[in-house]
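Next, two complexes with chain A in common: one pairs it with chain B, the other with chain C.
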Partner chain A sequence: MTERVDLQEFIGGFVVEAAELVTAANAALLEIEAGHAEGTSRPKAVRDVFRALHTIKGLAGMVGVEAIVDIAHGLETLIRTADRAGGQLSRAAVEVALQGVRAIGERVRAVSEQRTPAAAPPRLLEAIASTDATGDAPAVAPQVSAELDARLSPSERAQLANAVAAGAPAWMLSFAPSESNAARGVTIGSVRSRLATLGEIVKVAPRTVTGPSGAQLGIAFDILVVSSAPRETLADAIAASLESVAPVLAPPPPVAQAPLPAGPGAEPSTRELAERDDATADVVPIGRAVIRVELSRLDELQEQLSLLTVSRFRLEREIAAMADAGHDVRRLRQVADLQGRQLRDLRRAILRARMVRVAEVLEPLSLLVRSLARSSERAVRLELDARDTELDKAVADRLLPAMVHLVRNAVDHAIEPAAERRARGKPEAGTIRVACTEIAGNQLELVVSDDGRGIDRAAIARRSERTIDHDADLLDVLCGPGFSTRDVATRTSGRGLGMDIVRRIAVSDLGGELRLATTPGAGTSFTMRIPLTISIVEVFAFACGRQAFVVPVSAIEEIFEIADAGITPPSAPGGRSQVSLLERRGRAIPMFSLGRELAIDDGAAARKAMVIRRGGEAVAFSVDRMLGRQEVVVRAIDDPLVQAPGIAGATDLGDGRPTLVLDLGELGLAARERQLP
Partner chain B sequence: MTATLHVTFRVGNATYAVAASDVLHLESYDTATHVPGAPSYVAGLVQVRGRLVPVIDLRIRFGLPPADASAPGPPASQAAIDRRVVVLQLGTRVAGLVVDSAREVLKIEDTAFERPPEIVVHQTAGFVKAVATVAKRMYLLVDLPRILGEELDHG
Partner chain C sequence: MKRLLVVDDSKLMRDMVAACLRPLGAVTFEFAGSGLEAIERLALAGFDLVVLDLNMPDVGGVEVIEFVRSQDRLRALPILIVTTRGDDESRARVLQAGASGFLAKPFAPAQILDEVRRLLPSSVT
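== the complex of A and B ==
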């Protein structure tokens, strides 16, 4: 039993980590491809791909997903060859590697959905095995001295050569950690991050420092950096004198005071290299501490917070009651006010913990554009500018499908074929730009724009038989269900444009806005404004007095037919809140008519009872009938005009109208209070 | 002389005006979600372009009989078609006014506004802060903060 649970947790961890590694491998492969376009090689990216695949293979082996092990192993072999050859990966190899990584991704998803992943396709494995790893990649000439050259792996050598070819000199720095340095906050970690801002770090190698007598004095680091920063700045970055910063290109540097662990002339295998780098990583603290938390745990935290908010509400009432009884409650009230502020801060902190970086959320769009461009035979470039924006994880998960639709439409409908673009005097490659900015009111603005042909209003007006005066009208037509500008279904977007889905996500699901601006011949932009956070709650929907309401499932203990329960009718008729007593499993539960409590009807049509329990005592409310159970986005009602007891917010059940979310706990307290003399 | 753009609308037998700079948009009006416990002049909540907007029924706010109570039949349904929500932004608040009809956008000279006659102030419960006569028609400039119940912010 416990073993099973442990395995489940382990698989959850595997899925999260493998999915991240798949993303990392994809990003690195795309970077290598970008290098091809510029005629440079990207040895660091090749090494990143190698490491990601190596780790995926290990993880998959531990959870016994052989299909992933097979694919990752094939790719690892392919990439290792490239790494040994100086980090040059051919176009064909990038292509097959992207296919392989996608196959891995599909299998990770299968594991996460508790399906059995398909075996590795033999054709893919063959393709990987028969691909020439280095082939047509640009050649890199070695440019460093023989002595230093011997200390570098082929990929580091290529990385160095590349960086130097880009116009910056290379330096060998010698950093010796000391107590006085540490006291000033200068450690190898801080040095690393300082240097990373000044240039590119090629290699960090620890060595033992020995005194004249041969005794060990401590540890020092040799850091090979390519940077155009002045020598003084580099010396400053490692808190050392100028002598500790030596130029690496001719003449040969007199820096190697002790042989490196690998020894001169040794050609370390990539595996050793990966392990050695990992060992260095153990010594070097990483700047930002990050842990992974399952979303459900954060939800749990939020649920606890809402319970705390309810108990605080009760505290307020008790204080008010004491004050009414003539007690001095000033100090008590001070504490309660302080607690209120702390609760608000806590809520804010929990919301922050749920935020993810938009840049990461939208990362899959790069791959999407690449594959769409290929299948539609158009040259398309994606510019992603998410800056440092962040978004609630729950919003991010809902947002992505809308962004996929918009980007897909842009490739498929907006960007013209290369010949047409040339004829119009546009660059052959189309550009799709996705930009995000945080705007006032805790909202995020996302703009998806293209430099394509724009939307032909007249054609759309003809097709839809409507007059279209503004872009707003145009958007309305485009968002009609199933509307399409094409008669032929295309492979990428199918028949419908899917704009109805985009609008539903932006407006109904996320409570945002969608706008459109288009200029014929110049391009189209869609602007989406969505809240940074939303709260998603599972609710029961029910009818009461000709109106629909919802209430969180978590607030309801039980729902049953009133006819099935023993009821003692109210003994004292008249008054707004009549109470009857329900007999339920030997307990007597007070039942109020929700219709009467809300003053919307007389409660005569009530057939169902909902039992709630907040703070100990159970209370039941009678309602007309249940309408269903679903997940909804709850939006706060913050205007004072519509703030009323028991009204917690509003949601859209899909009919485009607001439906009120009730807090029956609050109504229950109010009703019970009225019953007491 | 400066003139300001105003959105004009009808409620009952009078024509009212609000500065166009306070108006976000005009929407057709069907029905609002009733909010139990809200003031009686609050018709409820509507969703406008994805935004939750509380709406005030100006007939009730001005003490006129509700539109629905007028005699049923074709004229009444025409009245229902004409009804609009004037969506306003006042500082950070967004709210709507349900009016009988709203069509015209009009430039009114700033100097055209005068203090309303005492009888108007009395009849409109202080919701009218000025009166302008343009081309022999009278426009009543409404006091938006008062209509939206700014005092609710502190109560």
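== the complex of A and C ==
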């Protein structure tokens, strides 16, 4: 029995993983560049770049994207040379590698958009091949025992030397994996991640543990780590006693001939390490262990959850009805309450699954600043401080363009040229800081600040012919559509600021807020507060009794002109829930006036009928007129005082006014229950 | 039911290997994202075959093979190397280190399926 396997089904997975690897390679290259500025090498970052490119090459080969294989192969060869020479990568090599990685990124995008990626540009391949990989900074040799030294590759030796020179001692740890450790979740993988937070791992190697008779008892891992953490913390991280943590090297002045941990089996492992092939060089993994799930599948999960929530409301109603009828429902209610809590937990778990790390979302800003600074001939440093904040993928996708605008404006308009900064007594290189913290109420605060010239309020006031007393007024003017600083205060690009877009994203799209603070000569900061999660729904917008409402497209079965249908008017006029019978394709559908149901008007102006189906039965609502169809961000109404049956949330149609999202199903159920017992 | 360990630092590559081997039928797949994890898993549990990438974090494929072969109970474990470095020199080196089979990426699904069928102790399907 054979089953045909087509690797093209993995093209989506390729796009995702390759894009991550491109981001990782860029980040590592920028780190190497930062090292150049400080005069130090970054051998670990060099290995990271190498790994990323090697993996991209392998994956691209499997799914048959030859253009990417070619570029990745060239870069991999270039960077392997640097890695073997101790992890020095020259400035020229970083430059050409960034170009190459960008070319790979462009081709990954082409694949994701189902275009055929362009072949590898011959000039790029030539440039890569003709670049001298290694820098001229001398490699530093750490003073460790000859025995340990023999276990290290040139790159690891340089990494150890750099890390120790930076002021932390080196340790040799011995971790013994076991079934009991694994059962508690303590594995070499978890130990590795834990240690990576405590310091820098230089090397990990396996070792056979033998008994006195020479019998093999099991295995252990020797882990060389540079860390300022206390010995106790390191022992704790490997779930072992202090004897398993041996000091190897103290920070400068270096200690020569530090002892290696004594132990049976150290000998063969040393031999194996010494003979190790460079091509299998120890490189640190990129990214974390993750399972990727298409966002649409999480949306599906959320959709199912909402259905579950609805049926839970019905259950509660049934229980209440039973209680009213005099039944003892205490135990039923206990179970229902438990279920309610479990539903809440489930909702929270699903939301968590949609979260991405802000640090990763904002990573592209580093490359942006680098290229903008270059083209505008300014020296600019970007400080990204996102800590461990996370936010919903859907929010992240919308947020990034706003952040790009703010950072671009800061480089183009705020940071002064070096000469001007010198004259003002500022450091020549400007600093743009992007800080992100989670604040109360499930919100994220993002601050983009610069140490540039500040915004010239008077000039903006003249240009806009408005009086500007506060920063809030200033923000208002800047966020006017297409406002440009072309004529004011700067000698920059003259591009529109795009602040209207920033505000639209922050306020209308994400339901957040935007503030501005500026001090002439000292800098400007923009503060954005946005919710951590949003839900995006495609809706029909319609008018009813002078108000706009929206309803999810998925809830509507049909919309038609009431005039086109036969109508049997209400038998008993008056009262809130009057039902007419609407004849549609030979069926009679009960129709309620939405205006009456919501108690906002008498429904006389209704021209359109919207049909929904609930539990197999159709119900229609009459409304005044349809306004259109669009995607909106729905915000839950958290205030219990405002919560009402039939109201699913609130949104903004772009006019800045809150619009209610209706749950016509629930309204229909309520209306039918009142009217049709 | 045979147990296979697929070792690669790329999740996508692990998935692709498993997809290629799906026609084997009666096998369960387990996965490791690094050479270190592979060594740990092999030391703690029994497997019938390992599909191993060469270039991985911390401990590369060659080192994994050498370490596995130094363990008394793992000397006969079939190890299939799957690597982007498909040149003759790499092939000679990994076979000398003790690999049972060698496959260069990119490979066709049928190729890896044939190799694994050849290497599994008593054939399945």
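Heads up, the rule we're going with is that the second predicted complex is superposed on the first by the 478 of 677 C-alpha atoms of A that agree within 3 Å, B and C clash if a C-alpha of one lies under 4 Å from a C-alpha of the other, contacts with A are read in each partner's own complex, and residues count from 1 in each chain.
Here is the rule we use: contacts are C-beta pairs under 8 Å (C-beta built on N, C-alpha and C of every residue); 3 or more make two chains touch, one makes a residue touch a chain.
The structure presented is a predicted model; accordingly, all values stated were derived computationally and were not measured.
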Exercise. Among the partners chain B and chain C, which is in contact with a greater number of residues of chain A?
Worked result: C
Exercise. First (chain B), second (chain C), both or neither: which does A:598 touch?
Worked result: first
Exercise. Counting only touches as set out at the top, which of chain B and chain C does A:360 meet: first, second, both, neither?
Worked result: neither
For this session: Could you tell me if A:106 is touching chain B, chain C, both of them or neither one (first, second, both, neither)?
Result: neither
Exercise. Which partner does A:666 contact after superposing on A: first (chain B), second (chain C), both, neither?
Worked result: neither
Exercise. Given the touch rule stated above, what does A:508 touch, chain B (first), chain C (second), both, or neither?
Worked result: first
Exercise. When the two structures are overlaid on chain A, which partner does A:187 contact: first (chain B), second (chain C), both, or neither?
Worked result: second
For this session: Determine, under the contact definition given at the top, whether A:647 touches first (chain B), second (chain C), both, or neither.
Result: first
Seminar exercise, completed: The chain A residues in contact with chain B across the complex are 506-508, 511-514, 547, 598-600, 635, 637, 639-647, 650, 652, 656-660
Exercise. For the complex, which residues does chain A have touching chain C?
Worked result: 1-7, 9-10, 13-14, 16-17, 51, 54-55, 57-59, 61-62, 64, 177-179, 182, 187-189, 192, 203-206, 208, 216, 218-219, 221, 268, 272-273, 276-277, 279-286, 289-292
Exercise. In the complex formed with chain A, which residues of chain C make contact?
Worked result: 9-13, 15-16, 19-20, 22-23, 25, 33-34, 36-37, 39-40, 43-44, 54-63, 66-67, 70-73, 84-85, 90, 93, 105-107, 109-110, 113, 125
Problem set entry | Residue ranges of chain B in contact with chain A within the complex | 31, 33-39, 42, 44-47, 49-52, 54, 56, 93-95, 148-149, 152-153, 155
